[in-house]
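Below are structures written as structure tokens.
Here come two complexes built around chain A, the first alongside chain B, the second alongside chain C.
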Partner chain A sequence: MSYLDTTALRDIARGSSVLAGGGGGDPFRGTLSAVEMTRQYGPPRLTTLWDLPDDAVVACPFIIGAPLAFLEKFPFGDELAVAARELQRVLGAPIAALLPAEIGGINSTLPLALGARMNIPVIDADTMGRAYPEMDMTLLNVEGIPAAPTVVADEHGNSVVVHATNNVWTETLARTVSVKFGAAAAGIGYSATVARLRHAVIEGSLSHVRSIGQAMREAAGDPQRVIGAVSRLTDAVELFRGKIISLDREIIDGFVRGTFLLEGIGADTGSQMTIDIQNEYLVARLGGEVVASAPDIITVMDAASGLPLTTESLRYGYRLVVLGIACDERWRTETGLAVGGPARLGYDFPYVPLEDSPRTIARRSAGAP
Partner chain B sequence: MSYLDTTALRDIARGSSVLAGGGGGDPFRGTLSAVEMTRQYGPPRLTTLWDLPDDAVVACPFIIGAPLAFLEKFPFGDELAVAARELQRVLGAPIAALLPAEIGGINSTLPLALGARMNIPVIDADTMGRAYPEMDMTLLNVEGIPAAPTVVADEHGNSVVVHATNNVWTETLARTVSVKFGAAAAGIGYSATVARLRHAVIEGSLSHVRSIGQAMREAAGDPQRVIGAVSRLTDAVELFRGKIISLDREIIDGFVRGTFLLEGIGADTGSQMTIDIQNEYLVARLGGEVVASAPDIITVMDAASGLPLTTESLRYGYRLVVLGIACDERWRTETGLAVGGPARLGYDFPYVPLEDSPRTIARRSAGAP
Partner chain C sequence: MAIRIGIDVGGTNTDAVMMSDSEILAWVKVPTTADVGSGAIDAVAELLNQTGDSPQSVSAVMIGTTQFTNALIERRSLERVAAVRLSLPANTSIPIACDWPDELRDAVGLRTYLAHGGSEFDGRDISPINERELIEIADDVKSEGIVAVAISSVFSPVSPKVEGRAAEIIQSAAPGLSVTLSHEIGRLGLLERENASILNASLTTLARHSFANISSALTAFGLNVPVFISQNDGTVMSVEFARRYPIRTVASGPTNSMRGAAFLSGLDRCLVLDVGGTTTDVGALSNGFPRESPAEVEVAGVRTNFRMPDVLSIAVGGGSLIRRTPKGVTVGPESVGYEIVSKAHVFGGSVTTATDVAVAAGLGDLGDKTAVAGLEPELVRQAVDGWHEDVNRVLDTARPSGEPIPLVLVGGGSLLVDSDRIDNVTETVRPRYYQVANAVGAAIPQASGEVDKILSLETLTKEQAVSQCRVEAIDKAVAAGADPDTVEIVELETVPVAYFAGVAIRVRVRAIGNVSFNRFDLMAGLDPVEWDRAAGPLNDDRSTR
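Up next is the complex of A and B:
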């Protein structure tokens, strides 16, 4: 059990934005709540599943909705505590620890904010190793752990408890309620015992993104050094350098959806890359060919600052460095791909692991990171 | 406490369709569930609030959605029992009796079906004295009784518990979930103790519609006699006779919405009436002037059969007799109109009680019913 100071919270948010692949909301805003809760209630505690008894109940708090809407609604106030207390009532048991659902600027630090506020420890782990647009896209779903009961709450004290028969239905119902709540809402679900979760999560992921965030902080001001540090710590491959020459993005059904086009610069002059968005960057194509796709992580760094850009912060003319980062191996199994692979996201191309992509092989044989 | 046989169930459904003002779904289908449950579990019992202890808990079961969708989904199976059991869990108390939310072809007999199935008596009363498109439009809302917790369930075992801070929010959230459930769903809410409900409901309304339904049955085959019996028992005023010459109706956001135009026949030849629909008939205009509006009841009878037509069963060319029926006086108070008057339904004209409408005065002075 360790306590996290505000520097650690900011490092976690900053590092999370790398693995979030464009999703999870703005990391700066992500820390506001956690820092404020720390100021009011003391620092959050980090723990592991191995430090908790088998029968302790753990749950995953999250923000659901379109990241563009988080910008307006953030920082969240009481709604997350309302949702957590309602879940405790439904379960008839106290929540012994909080588990981050995903690695994302807001969704990684949100459990820390709630943990500080409710004096509940947070597990140094997450359920995706990245961010995903829909709440059924988690390794917990691969393991058959139900999302229901899931509670969704707004800032006015309204809440809804979803009891669905499968996790896609939980996602559908929670999403439709979040849209009514103003395109974003606080939620908590995927409650399970520690024993059930021990082999279902990605362990140590908060510590991992904290070390990434720390390296980024130490290199701040030197974009190339920041990108180099990130690449080293995540074993990333640089997929492309380019400038945004068109950007088509809107909020549909509670998601940020769209696509954008990059014109190559430097060594990539003369090539074009398109990237598809559904809250996260999902598919990168070079000259029409898929070179990286979910479940692998596509991260887009601002060439001017070296910092990752979320999908809602892209603007025409931005110069970007596109990185590919390999996902957790469990995503690459048949059941993993059914939950988080291209087909689940509406695509009909077969998944090729990032390391086997011709682009990656060409880049790495050329000595690029 | 009395038991209802299948003739009584059919009479209740038939009579309800008169006061439902075009809403509440097809009365024939409304009885299918109740008759089937009676066959399986024995007849439903009718009771009154005065026969129950003060602290007994009562709740209102209902179908929420667009009546057009009821046609596809009906008859409902287990979802209502799933919802009722979930509400009992949330309340931590058994439901001692069921209270019909509205008078409508399906929503009046649905509590009887559920009552037979779960062996729970049904109160001879309702909360509107008519049907209304939205679930906050009830005298219980006028009395400040919360709709939440409200449970909404589908036929696949999915359910959602809505804890909203006011009844308009409960309606919004329950409706949006019902749309995801395929445009119609089973629900139960407005739970309260008998003591709290005693002066909040319209008493004896099931017996009232039963007597209307019985008179209709006895006059069946003679449309003019059916309409005459209905008019006498409801003190209705005949507003218009005409033929549908245009009909614009669709399902939007979980409601049947639209308007239709009648060309006068008989004594009304040369005049035109338009009627607005939101699940129910809400406003009748003669030559552009409002002659009747909610909360008063506008009922549309098929001239060929004398039977009331629901909003989803209208067809081009139908010949209709339009009746106006006065609503319960509590709807005419300031708080009543705020919950169920023209302004709440999106209109900006002031409410004029049916009896004070120039059309009613002219008709009655001419000796018409």
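Up next is the complex of A and C:
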């Protein structure tokens, strides 16, 4: 068990922006509230599944609503505690630890805010290893762990318990309730025993992003060193270096869709890469051929600063370094791909693991990272 | 003949132009003075001297000033502020101003209060306002001796009345407070809007003094004319309006240069490169206005979200130092700045600057050309190549798309740019009067009003929602000084709210009109002596508080 100070919290937020693959939303407000809860209640504790008894209950906290409403209302405080207490009542058991649903954006720092607030340890793990736009795109779903019962709560202390027959119903009902809660509500669900979760989560992910964030902080100001450190720590393959020469993107209240075209620079001069966006960077194509796709992570770093760029912040003329990072093996099974693979995201090409892509093989045999 | 004078008060120079309609009659550059008023008068006197006109022939003075930006950056002349957020029981997890730089928090002696109130996105109350709670806050503010208050309420761009009602209660319990309401300052995004409101409140005393100083200086000179102040979006506001919203001036400097470039070149869709002594600003214009910054913009280290021009800067200018390093020749970021007129080789000095290299490369004819004849050709080549690479890179990032568009060069350092080396532009234009594009931008007589809000579609149709916002934007433009007969809607955007299509709609409207000089009589109701009395002493010494 270890404690996270505010530097560690900021490192986690920074590092998770790499694995967020351009998505996960703005971590700014979530990080501020985690820092504030730490100031008020003391630092959150980090634990592992192996430090907890088999029958201990673990749950995933999250926010639910419209991205626009979160700009005005910050459901990271009492609302979350209300939801957690209600879930404990429904389950008839205390929540022994909190599990981050994703490692990227707001939902990776939010369990730390709640953990500090309620003095509940947070498990050094997550359920995606990346960020996805919908709550059912998780390895817990792959493992058949239900989201229900899920509790949705507001700042007045109102809460609604959703008992649904499947995860799609849970999402629909919880979202409907969140409208009446001002379109910005706190939720908690996906509760399971430690025994059930042992093989369903990605372990060590908070420590992993913390070390990425720390390396980025230490190398700040030297973009090549930042990108080098990130590549080394994530075992990334550098897919491309190029300049954005066209950007066709729509941002509708926080939801980003579109595609952009990169013209190669340096060693990649003469070739072009296109990348598709659906909140995250989902598919990278070189000369029309897919070279990386979800569930593998495509992350885009600004060559001038070395910092990862979200899909909202891209602009014409930016010079980028595109990295591919292999996803967890469980995403590559048949059920894993059904939950988070290209077909689920509306594509009809077959998934090829990043390491087997001809581009990766060529880059790695040439001695590139 | 209606003559107007545009003045841009920069950190080093005060630039001014005298214009009649679209004709430039005279221009001048004078050193900026500590009190903005006397520098402005020096400039005006010189202009009138050049043309032989009398003060009576001038019909308006329009001023762009960086002094509020500088006050925030240098953390001086800031008023103490009490910030009241109406949100309880919501929004307890992120305190007011919790991520501000400590020195700025201290400089505004910030006291913060959370109170009941606030609205949901659909206009419902989060909780009703609690009058007693607000009276207690007012009493505390009064006993602290604080005179500036910033009030923010959740979703106030949707339900502005909540902030107004809270202000009434607080002001009647503690008369004499100057109150900033967040919905009049920023748009959706509570933290950012709240931050901007607090910054605004901290500047209100300085604004009263400064504008009173300008007005009395102009009056003493015999200029009994309306005064307008440049705001961030490139339009102007009446001085009365600016007194209440000084934060709206903080980005007006770069905007004025870009608007001036559009005016002088006659191009309204182009890139603009403004080369100064130390830095070069780059932006893109569409419809004659700078593109809006897509991201949150930091002001003095604080996140805000008001409409700001999308301007990129690189540390290369006419005074940039040229150095030889093991990695090659570097240009900047160090610069001799305004001392270029004595330190550069071409002006008899002994420092190698970008201007010297530009003259040696034959890009411009300036000063004593023989003084740079001895510069090594290889150094000249590398330096010129280096900065054109920087300029092309930043131009690329400023472009709206890959399609070639014209480039307009302005600013005193623009001779550094060799148009043959600029990539992907249809033409490069350096208009006449390029040296004072910023003052020309300040003299463009337009005023605007903006609305950005979410409306519930439960009680309104979409058409009613849009027409309500149009009326509001037009009213705001008129309040800022526009002639109602000339106001037009220049931007109208409706966006369905994700997850709530059919339930709510986000509407953004911007209206712009020509300023009517006749409607404003500066001196009527705006007695400078009154202003001084209302403003109280301007305290620069925080330790006495």
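By definition in this document, the second predicted complex is superposed on the first by the 295 of 369 C-alpha atoms of A that agree within 3 Å, B and C clash if a C-alpha of one lies under 4 Å from a C-alpha of the other, contacts with A are read in each partner's own complex, and residues count from 1 in each chain.
Here is the rule we use: contacts are C-beta pairs under 8 Å (C-beta built on N, C-alpha and C of every residue); 3 or more make two chains touch, one makes a residue touch a chain.
Bear in mind that the values here come from a model prediction, so they are computed numbers and not experimental data.
Participant: Using the superposition on chain A described above, determine whether A:Val291 touches chain B (first), chain C (second), both, or neither.
Facilitator: After superposition on chain A, A:Val291 lies in contact with neither partner.
Participant: Applying the document's definition of touch, where does A:Leu49 land relative to chain B and chain C: first, second, both, or neither?
Facilitator: neither
Participant: When the two structures are overlaid on chain A, which partner does A:Lys243 contact: first (chain B), second (chain C), both, or neither?
Facilitator: In the superposition, A:Lys243 contacts chain C only.
Participant: After the superposition on A, what does A:Thr165 contact: first (chain B), second (chain C), both or neither?
Facilitator: first
Participant: Just to be sure I read the superposition right, which of the two partners does A:Leu173 touch: chain B = first, chain C = second, or both, or neither?
Facilitator: first
Participant: Please determine whether it is chain B or chain C that touches the greater number of chain A residues.
Facilitator: After superposition, C is the partner touching more of chain A.
Participant: Going by the contact rule set out at the top, does A:Tyr316 touch chain B (first), chain C (second), both, or neither?
Facilitator: Only chain C; A:Tyr316 stays clear of chain B.
Participant: Which partner does A:His156 contact after superposing on A: first (chain B), second (chain C), both, neither?
Facilitator: After superposition on chain A, A:His156 lies in contact with both partners, chain B and chain C.
Participant: Considering only the touch criterion stated at the top, classify A:Glu86 as touching first (chain B), second (chain C), both, or neither.
Facilitator: first
Participant: Give me the intersection of chain A's contacts with chain B and its contacts with chain C, in residue numbers.
Facilitator: On chain A, the residues that contact chain B in one structure and chain C in the other are 156-157, 179.
Participant: Taking the touch rule as given, give the residues of chain C at its contact with chain A in the complex, in rising order.
Facilitator: 87, 89-95, 98-99, 120-121, 124, 126-127, 154-155, 188-191, 294-295, 303, 393, 395-402, 454, 495-500, 503, 506
Participant: Quick check on the complex: what are the chain A residues that touch chain C?
Facilitator: 28-29, 32-33, 35-37, 65-69, 71-79, 113, 155-157, 175, 179, 182-183, 243, 245-247, 252-255, 312-313, 315-319
Participant: Considering the complex alone, what residue numbers of chain B touch chain A?
Facilitator: So the residues of chain B in touch with chain A come to 86, 156-165, 169, 172-173, 176-177, 179-180.
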